Amino acid sequence: MSDATNLTAQIDINTIPALGKEQLLELAMGPQHPSTHGVFRMNVVLDGERVMKLKPVFGYLHRNHEKIAESETYLGSMPYTDRLDYICSITNNWAYAIAVEKLAGIEVPERAEYLRVITGELTRLQNHACLLGFLMQDMGASGTPLMYAFREREKIMDLFEGLTGARMMCNYLRFGGCRVDTPAGWMDAARKVVAEFPRFLDEYENLLVGNEILMDRTQEVGILSKELAINAGISGPMARASGVDYDIRKVDHYSIYDRFNFRIPLGERGDVYDRYMIRFLEMRESIKILEQAMRDIPDGPIVDPKTKIRGFRPKPGEAYGRIESPKGELGFYLVSDGALNPYRYRVRPPSLINLTVLEDLCIGQNVADVVVILGSIDIVLGEVDR
Amino acid sequence: MNSLQNYLLLSSLLFSIGLAGALIRRNAILVLIGIELMLNAANLNLIAFWRFGPNPAALTGIMFAIFSISIAAAEAAVGLGIILAAYRHSKTTDLDRMNSLRG
Amino acid sequence: MVGKGIIKGMVETARNFLGSYVSKQRLTTIQYPEERAPQIEAARNFPFLVFDGTDAEQGLRCVACQICEKECPPKCIFIEKSKDKKPDATGKMQFYPATFNIDISVCMSCQICVEVCPFDSIKMDVVYDLSNNDRFAGLLLHKQQLAKSNEYYNTIHPTEAAAVDAHFAEERAKAAARVKAAAEAKLAAEAKAATDAKAKSETTLADTQAQPVGGGTR
Amino acid sequence: MNLKLDQLDQIFVILNNWLLGYLPPVVRPLCSSILAIALILVTFALLFAITTVLERKGLGRIQNRFGPNRVGPCGFLQPIADGIKSLTKEDIVPNPADHVVHFLAPVLLVAAAFMAYAVLPIGRNMILVDMNAGVLYFFAIGSLMELAVFMAGWSSRSKYSLLGAMRAIAQMISYEVPLVLASIVVIMQSGSLSTVSIVNMQATYTGIWPHWFVFTPWGFAGFALFMIAATAESNRSPFDLPEGESEIIAGYYTEYSGFKFALFFLGEYIGMFATSAMAITLFLGGWSAPFSFLTWIPSYFWFFAKLLTIILTFIWVRGTLPRLRMDQLMNLAWEFMLPMTLLNLLTAGVWHFMPAGALRWLICGAMVVVPCILLSRGLKQRKKFQVRKYRFSE
Amino acid sequence: MNVSFILLAIITVVGTAAAMGMRNAVHCVLALTVGLAGVAALYLQLGAQFVGFTQIMVYVGAVAILAVFAIMMTHSPEPAKPPTFSSFWTVGSVVAASVFAVLAWAIHSSSLAAHTLPPQPEVTVQQIGDALMHRFVLPLELMGLLLTAALIGAVVIAMNHREEIK
């Protein structure tokens, strides 16, 4: 992926096994294109409307994230992780915090774990809601599902603002806990939002789940086989839609997910419809987790008092912390040489790794399916390009 | 006043233009279009004769024109189909280069 | 039957359309310039500097320790320490920032400067309509623009500001007590050693003892 | 009272005659046409302006927001602001574009769209030309729009424009077939291609009920099919593939800007109104009132009320449905619409030759409904799409 | 001769001449549509409304679009522009010109051609339909057969044989 020479966009037309090559049309979808979810470019070779070859070109949003983090203090990188997948900043914080906590051997107090689960699952809700909205937008539903999703996301973002001070760039977690405790009345407001969320899901279900056009557009489109999903390292809802039973919440038992009763929905076909429905069902499971967590949350400190804000120097060593982010396995790999800043800092971005199968999914499909398939992969260019 | 002569002259001019096009153009599609033009000239003749003829109420000219238009449409469809097939075979629509009978 | 799902969807949109006329739930837009979203207390945007009292120059809590400048992840703070000292709100002699600039086009509102400040002098503001014609000079805030009164701080973050003020009050009470004690001691010493020729050196000692009080709000 | 209402109904005709009375008889027909054309241009351009606001506000309300509400009262002056904006914008023509054709395309589109109104009866005695072959004229003009679309797409020399134009033409040609076939049932029944006589046939009443063609099995099916085809013809959602912005930016007018872009917009909406007005003329009784006791309301009011209802339905559909894919669109046209319209022709024939009564209703209803269900079920089964059940792992 | 005839004749002749003489094939087709629309207008002028609209519908709506599609599909990507006209274009022009000359002479010398416009006959669509269904029912059926055959034939000829080649 880091192969910079890969960025040359030209496609060698002779590699395409097709007749009538002079009738092929090479189309650059993006970087200025309405539905590439940011600045992303797909060089598509079309035969009529059929995709013969597709080459993703990315890096337009490259910000040197990893290198900046290596010259930054451990805490200083925390706000930068917000900007990776800017829709779910708290889960990014969480993965990074877990990596640092592993590195430095910090314990997290009980209440902080609960807060992390609550905010993390709220993040999952808003990510999935937005994704479904965007997917429908890509299918041309003139924004209605997207606006409904944004209406719900707004409520969750209000919660985040009330707790962390910012709507998107929360910068909420700290090594060994969370930055601030819940203000008065926040937990009640959160309970109310969570209690109302299923209503939105029902509305969504009415609007789209049984819709024939949607089924026609998504079923048997962009099929990702189970084997390819495993071999390509696909994770998250996308892998589960292909029938891979792999959820890090269940596999790693990180944080306190063991205490909650929830299920993992699994798809069969691995097409766009499955990826769409898996996310839909995951939202219902997230609500279950949230209800349990909000019922059980104890009082207590929210941060390990031993951790220092300034001059934080973990002992030399390495650690890999990963979580099940809404988009898949989000991991941070850190090497410490005992200094104020990490010696090596590496992100395993789920968006990027899920994106690698894009061409396999798109070949032979219609050009209109390309945007739908891209939407169903759920990428955020901030994370892909870093 | 308009006389039949003018219409006939116009239609013969159209016919000649179509004929010239059909004879001198190299693009097979445009040759086909030239043929269409000649058909149109004939149609114009039919309508003009109907209008100036002794018994317009019989509608014969109109009927012939309608049938002629249908034939022209069928001819265009088949002709263009043949051109497409020929193009797929020889990769050109240039009639000067489409000169081999071999399949 | 084909069309059932489509009709269900149509009904749903119709419900939303009609609902937007009766329910605030289904018409969530806030008409921005006239109407504003309710201010959330924890909200943060860009940093500002708190000053006590009425004079921004005089009451500025910042002592130009430059910790925030060092800790700021995107390095958007620029501080120049003063050459001289001036008395702060409690009357102690302190350095002060001769220049304090924040480039809010670089700032990413992470609040780390607030967390590391030992003097409670830098806090997060909530002003968000900062659009400007000049994207360089217009977004580089100077000390004069950054300095905002403690009362303002109290209005935007009441809970947090109350805690800070209580803390300050406590510290000041302690300092006052210590000053008083020192003064009493001094008086006693003066009374005791009124005839003593070394009284002058004693007073100097009391002064130096009181020195940490000003910076002791940690 | 009754006389006055009649005058209100005919007010435009009376006004026209009164104005022409001042002119010499030689120029009267010409002036009359010019007057009527000017009135049509103004009215429908105004309707276009109102529709853009209504559409944006309606979509906004569907999406839980206000829509435009800043310019003028309730935002209804928004189109003026938009018009000024698009007039003052730079008119960008791509360098390799074919400048003449690039310029002519929007002009032709708008001209063709407006030409269609010549045969649409807006009210009683309110029609520009009562043509003998009015319906044929309408569809002939409709085919001009395809050419305009092609010109736009081809002359832009852009891949997106070309793809969009190809899609648009393929779609318009495919849907012209069901569109024409769906309207033929009405021509069969009324025995005329003249729009005026078609409306006149429907403007009679049994009791309070009008004789609209939509209130017959074949008429209802024809209306439904006509509206589906009309949606596709006017590139409206869910058949807006030619300009599907998430796939091919803006389709054939990707490379247009400023006022030419606005002209495309105008042409498209005017075309949509024209097709809707045709549907009203053919199936919904044109300007006739829905109940016999409401005939005192002016006829043009009913025409515009019906038009507005159809427009609002278009907006509603647009706010709900995602768009189809090209092959699905074609399948719908050739595998569902075409057989259904042909069957509908047969049904209309049966209706025509059977004696009136409940049996006729039953047989003709069954002839429409049963094939529709069978056909849709067959198509659904072949594609094998369904709502799925999912398994969970604990 | 009246003005409308001259105007329409000029439009028709210029349009068709441009259709046969322009370099760019798509321009040719667009010019052709202008010419054919002119012919349609002439039909209208002659009182043949039905034929005129059919002409527009068939030629502008179908044939022109079809031709344009064919041009797009046979558009070769290589920039090398072959000469527009055939190598023996002089012969072709001479033939066409002589045909026109002969026809014009014949028309000019014919006594029949001197007819002036008789009063406008009333032709309704109903009459045309009646004629099609009674007097011309056999040609109509034949036409239907021909069109069906043409449809199938065109589909078969133009069908993509890619699967076979694979």
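For clarity, chains are labelled A, B, C, D and E in written order, and residue numbers in each chain start from 1.
Please note the rule applied: a residue touches a chain if its C-beta (ideal position, glycine included) is under 8 Å from a C-beta of that chain, and two chains touch if they have at least 3 such contacts.
Computed from a predicted structure; not experimentally measured.
Common neighbours of chain C and chain D, by the contact definition above: A. Set against one another, A-D and A-C show the most C-beta pairs in contact at A-D.
Comparing chain C-alpha centroids with the centroid of the full set of protein C-alpha atoms picks out D as the closest. Separation between the centroids of chain D and chain E, computed from CA atoms only, is 29 Å.
Chain geometry summary: the mean Cα position of chain B and that of chain E are 5 Å apart. Computed from the mean C-alpha positions, the centre of chain B lies at a distance of 87 Å from the centre of chain C.
Separating the centre of chain B from that of chain D, both taken as means of CA atoms, is a distance of 34 Å.
Within chain E, residues 50, 54, 62, 69, 73, 76, 123 each touch two or more of the remaining chains. Shared contact sites, meaning residues of chain C that touch two or more other chains, fall at 2-3, 6, 9, 12-13, 16, 28. Under the contact definition stated at the top, the residues of chain A that touch 2 or more other chains are 20, 22, 144, 148, 151, 207-215. The residues of chain D lying in touch with chain C in their complex are 58, 61-66, 316-317, 319-321, 373, 376-377, 379-380. Within the complex formed with chain A, the chain D residues making contact are 59, 62-65, 159-160, 163, 167, 237-238, 240-241, 244-249, 318-328, 380, 383-388, 390-394.
If you check the complex, the residues on chain E that touch chain D are 24, 26-27, 30, 33, 49-50, 53-54, 56-57, 60-62, 64-65, 68-69, 72, 123-126.
Across the complex, chain A meets chain D through its residues 25-27, 33-35, 46, 49, 136-144, 147-148, 151, 207-217, 219-220, 245, 250, 263-268, 273-274, 277-278, 281, 366-371.
The touching residues of chain E, when paired with chain B in their complex, are 1-2, 5, 9, 12-13, 16-17, 19-21, 25, 28-29, 32, 35-36, 39, 42-43, 46-48, 50-51, 54-55, 58-59, 62-63, 66-67, 69-71, 73-74, 76, 82-89, 91-93, 95-97, 99-100, 103-104, 107-108, 112-118, 121, 123, 127-128, 131-132, 135-136, 139, 143, 146-147, 149-151, 153-158, 160-161.
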